[in-house]
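Which chain is which? They are A, B, C and D, in the order written, and residues in each are numbered from 1.
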Amino acid sequence: MTTLSNDPAPRLDRAAIAKRAARDLVDGSTVNLGIGIPAMCADFLPDGVELLYHAENGILGFKELSAPGEGDPNLMDAGGKFPKLVPGMAFFDSVESFSLIRGGHIDVTVLGALQVSRNGDLSNWMIPKRGIGSIGGAMDLAANAKKVIIAMEHNVRGDLAKIVDECTFPLTARACVDEVITDIAVIEIDRKNDRVILRETAPGWSFDDVQARTEARLVADGDVGSMA
Amino acid sequence: MTTLSNDPAPRLDRAAIAKRAARDLVDGSTVNLGIGIPAMCADFLPDGVELLYHAENGILGFKELSAPGEGDPNLMDAGGKFPKLVPGMAFFDSVESFSLIRGGHIDVTVLGALQVSRNGDLSNWMIPKRGIGSIGGAMDLAANAKKVIIAMEHNVRGDLAKIVDECTFPLTARACVDEVITDIAVIEIDRKNDRVILRETAPGWSFDDVQARTEARLVADGDVGSMA
Amino acid sequence: MIGGFGGAGGQPTRLMLALRDLGVGDLTIIGNVAGISKTTGYGWPDHLDPIDQGMFFESGQATKITCSFPVPGTTNPLSDIEKAWREGNAEVDIVPQGTLIERIRAAGAGIPAFYTPTGVGTPVAEGKEHRDFDGRTYLMEEALSADFALIRAQKADTRGNLQYIGTSRAFNPAMATAAAVTIVEVDEIVEPGGIDPERVGTLSTYVDRIVVREAGDPLP
Amino acid sequence: MIGGFGGAGGQPTRLMLALRDLGVGDLTIIGNVAGISKTTGYGWPDHLDPIDQGMFFESGQATKITCSFPVPGTTNPLSDIEKAWREGNAEVDIVPQGTLIERIRAAGAGIPAFYTPTGVGTPVAEGKEHRDFDGRTYLMEEALSADFALIRAQKADTRGNLQYIGTSRAFNPAMATAAAVTIVEVDEIVEPGGIDPERVGTLSTYVDRIVVREAGDPLP
């Protein structure tokens, strides 16, 4: 795998990754946000965008999070935090919650990843050397949401690539990822045409800078924009 | 098929069949009553017996029926009649209603029949020469209730037998019937030992009288009692 | 798909009448107890004239129905569905009720097929895969979806969450999940919060169009 | 089976403590998010000490768990389940959450097996039947039942109907249907009619025993 350092410019912080990912969430969508950076998207929705948030444990339509550690244990989200009651919410059980997911009724899910392959395979539930992991709702979401956005750091431990030719970690789902938003780039996985398209780079980062930190071969399709 | 007339004594009327069937319903059971004679069982429960009635359209725990044609269309039973609201009732949808049935959670169902075979096969949804019929919940109930009681008239069109060696009408379910209660007899289908046991006869009816009106060969197992 | 159980409660009667008046043809209907109310009064209070799915066969708009209970026990008078069937103008696909609702639920829940014990050894098993699990035989049944679901609820909020009442649930919640376009007929539309979050029977995600009854509509 | 989602809400914590104190061994646990609260605080308000299914591995009573989320993302400190697993004292069967709940639901609903798209091409697909429907590949998954379900509800009526609140439903209603004996822990028991018939979350048919919390119990 590619390992580089000497970044040409600062990388985006986690909040900035979430903020960029939030820009791709379309008003009125039913959305499931994974834990970590994905969950932070909720703090950065563009004006006028309202989403219908779904959490695996059985809520649709929640919004504001209480501070972690406060709140009512019977009003939890799937990340173990406690949202507030919002008019228009609905509660349901896990059977219905996963019928919604598996039935393809979630418009977008934003998830974290350990690896994404050039054809959109996703690994995000187990590091092989640990030997044990947690799947939760990730396999159902990745396999069945209409759109899968990955929000993550581009590299790990120095400059080890996470966007790879083939995932070496156990898979979560095959050929599921549509878009990857990282601290240095926005990348589209164009599965239909078997291309990995670099759409945007962080300020100060060139195509070649991003390619050097990405194992999968990138292509441009028109101009490469700026994440700023 | 056996055809006889010259009955040795009067046959029970439909209400009396229902009354006898009701005696086999155990306190606290979850029970689904089919239309016709089975539905009439509710009028003849022995003192101290309380049942949890289930109707396919999504109620558990209803009791008194309103007069037919009255009542609230949103409080209907599966027979299209309108029960009254009873404390402790529950409403649910058809998915849950048939999960309850198919999952084997109905203790007893009482159904009508066109034919019952010696091994407990049941035909009750279509007369072949009509060419079209209605299944409704009958196949789910017959195949999956813990106990299937048939309440029906013993013969049809004169003395044509309905308790037969093999059903000639389209089946509802195989090997499902446990007990048949008719206007002249109570018959147990002992599937385990491949016997059709005559348990009781109507007053004035002998074993041979009932056998003569039954195609399947009957046996006694101890005394034959009276339905009175 | 047309929701409800059969009878007046939970049936999207106004939407059905609108569909009939629209006059579109070559319809395949999916329902449960279907087309028996007009001749038997099934599920309708005595003082009202029953309306049922038979109207689409009477009008010649429908050519096929998949349902569990298309004809009453008696044949006189014939229901509109049986009449059309006898005249060779209707294909009638009779499915056990539990299998029918589970196939619809499966379509909405991303399950292409499942196994059921119901129907083994009967005419409905013909041509179907049989398979044993733990010594019992089951049939494989496949998901059943539709282009449109016409359903009925008591009320909707402006997001599209639905609340049902009493036995009017029946096939409505599952059908809402299993059609490309779900249209719901309600008595009332309320602001978000006008439905208790504990009482939402169909999630807004499944609802595409809401039609509100006129105040004082005499239909149940 | 132990109900809830993971976290304090909907978890039958008093029943779990009672099971631990009972000391019975060789348990196989079925749960969802399991055993991560003690080390991460997951789903517990800050001022409370979290209690989770890990206790049965700490006590040596359990030898196996089937669940979707048995270990937190970080390894320091190790959860009781990961500790037992590393020491070779626990078999851990990790199932995608949607497959897990659907397998439990199937057991209660008389469905021995179904097909799901989830897990195809991943380690969970190993050894499972693959089958294509309409050009997409699915896995066959089988029903999952248990001898006992320990579940949690807000209240029960004396018939055994249960009412849930908020996100405390999760795995509880399905588990209630899938065990030979279902034991429920509630805050309150009421007369029939004390639960709105529109709000019954689990039908009395599924409930075998009801245990009522003591008034003022500090556990959530």
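Quick notes
Here is the rule we go by: a residue touches a chain if its C-beta (ideal position, glycine included) is under 8 Å from a C-beta of that chain, and two chains touch if they have at least 3 such contacts.
All of these numbers come straight from a predicted model, not from anything done at the bench.
Placing every chain at the mean of its C-alpha atoms, the farthest one from subunit A is found to be B. Centre-to-centre separation between subunit B and subunit C, using Cα means, comes to 27 Å. Between subunit A and subunit C, the centres computed from C-alpha atoms are 38 Å apart. A separation of 33 Å divides the Cα centre of subunit C from that of subunit D.
Of all residues in subunit A, those that touch two or more other chains are 91-92, 98, 101-102, 144. Among the residues of subunit C, those in touch with two or more other chains are 102, 105, 109-111, 116-117, 164-166, 197-198. If you draw each protein chain as a dot and join the dots that touch, the picture is not a line, a loop, a star, or fully joined; it has some other shape.
Per the contact rule defined earlier, chains pair up in contact as A-C, A-D, B-C, B-D, C-D.
For subunit C in complex with subunit B, the touching residues are 5-10, 32-33, 36-37, 40-47, 68-73, 75, 82, 85, 92, 94-99, 101-102, 105, 116-124, 154, 164-174, 201, 220.
Residues 30, 52, 54, 60-61, 85-92, 96, 98-105, 144 of subunit A are the ones that touch subunit C when the two sit in their complex. Of all residues in subunit C, those touching subunit D in their complex are 102, 106, 109-117, 131, 133-134, 136, 138, 142, 164-166, 197-199. Contact residues on subunit B toward subunit C in their complex (touch as defined above): 35, 55-59, 68-78, 80, 82, 91-95, 97-98, 101-102, 121, 130, 132-140, 143-144, 170-174. Considering their complex, residues 105, 107-111, 157-159, 161, 177, 191-193, 195, 197-198, 200, 203-206 of subunit D touch subunit B.
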